[in-house]
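Structures are listed in the sections that come next.
One chain, subunit A, appears in both complexes that follow, with subunit B as partner in the first and subunit C in the second.
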Partner chain A sequence: MKKEDTVKLISREGFEFIIDKKAAMVSQTIRNMLTSPGSFAETEHGQVTFPEINTTILEKICQYFYWSLQYASGKETEFHIEPEITLELMMAANYLHT
Partner chain B sequence: MYAMYIRVKRNKTTYFIQCDPTETVLQMKEKLSNLIDQPANDQQLVLMPAGDVLEDSKSLADQKVENDAVVALTLRKDDNEFEEVNIVKPNDEF
Partner chain C sequence: MGGACSRKRDQQVSEDSLHRGVSGRYSKSASSKWLGSSFSRGADAKQGKGKCPSLMELCIHRVCEDIDKYSTFSVLPRDISQQIFDELVCSQRLTDVSLEAFRDCALQDLNMGEYPGLDDNWMDVISSQGSSLLSLDLSGSDVTDPGLTNLKDCKNLQALNLNYCDQITDCGLENISGLTNLTSVSFRRNNTVTAQGMSVLSGLINLVKLDLERCPKIHGGMVHLKGLAKLESLNINCCNCITDSDMKPLADLTNLKGLQISSSKVTDYGVIFLKALEKLTLLNMEGCPVTAACLESLSGIVSTKLNCIEEIASVEYQLRPGNSNYYVFYKSYQCLQSLKVLNLGFNDITDAILVHLRGDLVFVYFFHLAGTFPASSVSTVGRLSYLESLNLDSCRIRDEGLIYLSGLHRLKSLELSDTEVGNNGIRHLSGLRNLESLNLSFTVVTDSGLKKLCGLSSLRSLNLDARQITDTGLAALTSLTGLTHLDLFGAKITDSGTSYLRYLNFITSNHLNSDYDFSGQLNLLIDFKNLRSLEICGGGLTDAGVKNIKDLTSLTLLNLSQNSHLTDKSLEVISGLTQLVSLNVSNSRVTNMGLQHLKQLKNLKSLTLESCKVTANDIRKLQSTELPNLVNYRPE
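Moving on to the complex of A and B:
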């Protein structure tokens, strides 16, 4: 596991989540940020800040990325979502094209 | 493709680490050392919420570390002891 193969996602409250680039690419929005040519700070440092997404939601999203990779490889488990975070999670998912 | 991942937490940082149940705790520490610039020897991993210190030579499965588990990371301090477990919880309004 190399540092270059990971990205750091930062929540509104400044909590950091270090995940595999491959997992982050589940999100079309993050994929675009990390792969677009030009001088996005995100591309250079492998770091993306989400001022609009709070920590609980961002962690849930990271868990979803990994669940999604496992599901795509044939492991059929359910992804549990607590009812109280559903609305905010959907808004974040919409923003992230996930 | 790895079978699972664990969430390694310290302060306000979480590392998602992909792994297999048969891997040893030492192998996990070696993966972490690439990310945090601390040698395996200066890391201690603690399974949460139980608070059990994980042993290097045993596998994850042997120590009941499952997919999506939260594991606290503590580092060796100057006095050679390991720091206390410190995981900051977000203060979200849920």
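Moving on to the complex of A and C:
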């Protein structure tokens, strides 16, 4: 995988998720960060830090990105959400416009 | 986090609950309190089919499923808890227990119109939203006067809907007297509120819209509205206590743009007081004892801002798509310059009015003259080349009158119900290529006349509810492939007639409404996979016939009453129609034993089995164990 095709998402605890740029762009917020004109650090290095999203939640979000791509390509499975993380996940989803 | 408000609030403010589609109150079956709204509720947020759900939607769906596990949402940003709330209301999962989780959530919109079970016990949490609350819809609830006490704290409330809250009296209304930010207040059909209760309105100086439709005791209360300088819309339709003297205080409301006084006792004398209302663009006087003389009073209403008025005209039309034919767009540039909507349906209007206004009517688009229109004036109508909608229901019009309509090429909707129009007349309609809706019910048109309609390719809705229409007539309609609504209620259609319906592949959403003499086979209906509503109440249907509807899985409303041969076997067939919201199999041989087949109909909200061998107790048992959504059943 070429480096420019991926992005690195970093959780509050510093855990790094390297995922396809295409997947990350499912989030409107991340899309804006990566494509906005001007030389933001995010655009240049292809990495975004989320000081307010913990690792568990960020992992779930990454799963959603890939699930969403699958869904769009016609594979309509169910996306499971654990009840105990739902509220926190919601706040992150709200922030990420996802 | 959560700083970005993803929710546009202004979309939430409802105009007569329009966001939920048809209100239960106005649905055909008046007894089905929640039925009308339930068709639109609850369909969202399911996974699968179409657009990929956002993570937010999935989370909200998840929360709603586990709603009992949450004790409070106050940690969430307001816009998120609002979305959860809306979804719970929409899916009817909200209860007085789950509502507790929304205490102090600073919600802005609590639109719970016609919500089942809503009573005073809910009001504490509702009022806890305090100064955040901007709009509150409690229509159709069991809230009483004490329930409104805490609303005093909701200082910023802008819209309050208490329609059909029949337990609220003058006393309860006192609680809203301090809510001076209110711009819209509505308490339709309140039998107890009097002129004294209306005195609280005098302090609501920001009021723009006031709706008191069907309040029978408010005579004398209009005097309290005198100071409401911002009031633009006042609806006192069907308040039969309203008389000429109630019009006098309205003269001060010079910002009034819409005034609805239909079915009141206002006469020509009362209309004189309305002279001063220069901004009036909508005046509904349907069923008032006024005569053409009242138009003289109104001819003084003049406005120079014609552009502005045109804009409002289109908005109003969109707001009331179902009612459009109740209004006459009255764009007369010389006489009634700013008045664009004037409803004179079922009034005692004679030729004189049309002669009087002939020159000014050129731009009229919508003409509602039902029951009032003298045949001798039909030539005047023929000159209204802009006309798109014409309602001549119950007018004294005959075949020779229709010749004048042949030039109305823009006509989209024509209502000729209950007229003396026959075959010779409707040939004059064959050139109206833009016609989308035609009502010929209770006319004397017969089968041979229907041939004249075969070129009306734009036709989507056709009403042929007349005894003399038979299979032969139906055969002439096979070229009308755009039809989505065909009403054959009283027509004599048999099995062989239904084969013609096969060609009408696009009868999708609405009615196929007939008392077919179905002795056995409904198999021709199989083509109508998208049919959502079906009523066959002709008495000739048997279990064997019902088998043929088992694939109509989109059906939400099914009425098979009056077919006395139907047995429990029919219910077994129906058990697969899981989308059903309303089912009626009254006057049949259905028994308690048959009820077990209905267990799978989880969406069922209304069940009617009158005059069957079924007891209320057994239905109640079924409701409590299997059908929690059932709110309306008979026998009860």
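Following the convention adopted for this analysis, the second predicted complex is superposed on the first by the 98 of 98 C-alpha atoms of A that agree within 3 Å, B and C clash if a C-alpha of one lies under 4 Å from a C-alpha of the other, contacts with A are read in each partner's own complex, and residues count from 1 in each chain.
The working rule: a contact is a pair of C-beta atoms (placed from the backbone, for glycine too) under 8 Å apart; a residue touches a chain by one contact, two chains touch by 3 or more.
Everything numeric here is computed off the predicted structure, so don't read it as measured data.
Undergrad: Following superposition onto subunit A, is the placement of subunit B relative to subunit C best described as a clash or a fit?
TA: fit
Undergrad: For A:Tyr64 in the superposed arrangement: first (subunit B), second (subunit C), both or neither?
TA: second
Undergrad: Put subunit A at the vertex: what angle do the Cα centres of subunit B and subunit C make there, to the nearest 10 degrees?
TA: About 130 degrees, rounded to the nearest 10.
Undergrad: If we overlay the two complexes on their shared chain A, which of subunit B and subunit C does A:Thr98 touch? Say first, second, both or neither.
TA: Only subunit C; A:Thr98 stays clear of subunit B.
Undergrad: Which partner does A:Ile81 contact after superposing on A: first (subunit B), second (subunit C), both, neither?
TA: Once the two structures are laid over each other on A, A:Ile81 reaches subunit C alone.
Undergrad: Which holds for A:Ile19: it touches subunit B only (first), subunit C only (second), both, or neither?
TA: It touches subunit B, and subunit C stays clear.
Undergrad: Looking at the superposed set of three chains, what is the minimum CA distance between subunit B and subunit C in Å?
TA: The answer is 15 Å, the least C-alpha separation in the overlay.
Undergrad: Both subunit B and subunit C touch subunit A; at which residues?
TA: none
Undergrad: In their complex, what parts of subunit A are in touch with subunit B?
TA: Residues 1-3, 6, 11, 13-20, 23, 54-57, 59, 62-63, 66, 69-70, 73, 75, 82, 84-85.
Undergrad: What part of subunit B is in contact with subunit A in the complex they form?
TA: So the residues of subunit B touching subunit A come out as 1, 3-5, 7, 12-18, 31, 34-35, 68, 88, 90-92, 94.
Undergrad: Residues of subunit C touching subunit A in their complex?
TA: 1-4, 6, 47-49, 52, 54-56, 58-60, 62-63, 66, 69-70, 73, 75-77, 79-80
Undergrad: Considering the complex alone, what residue numbers of subunit A touch subunit C?
TA: 52-53, 61, 64, 68, 71-72, 76, 78-79, 81, 83, 86-87, 89-98
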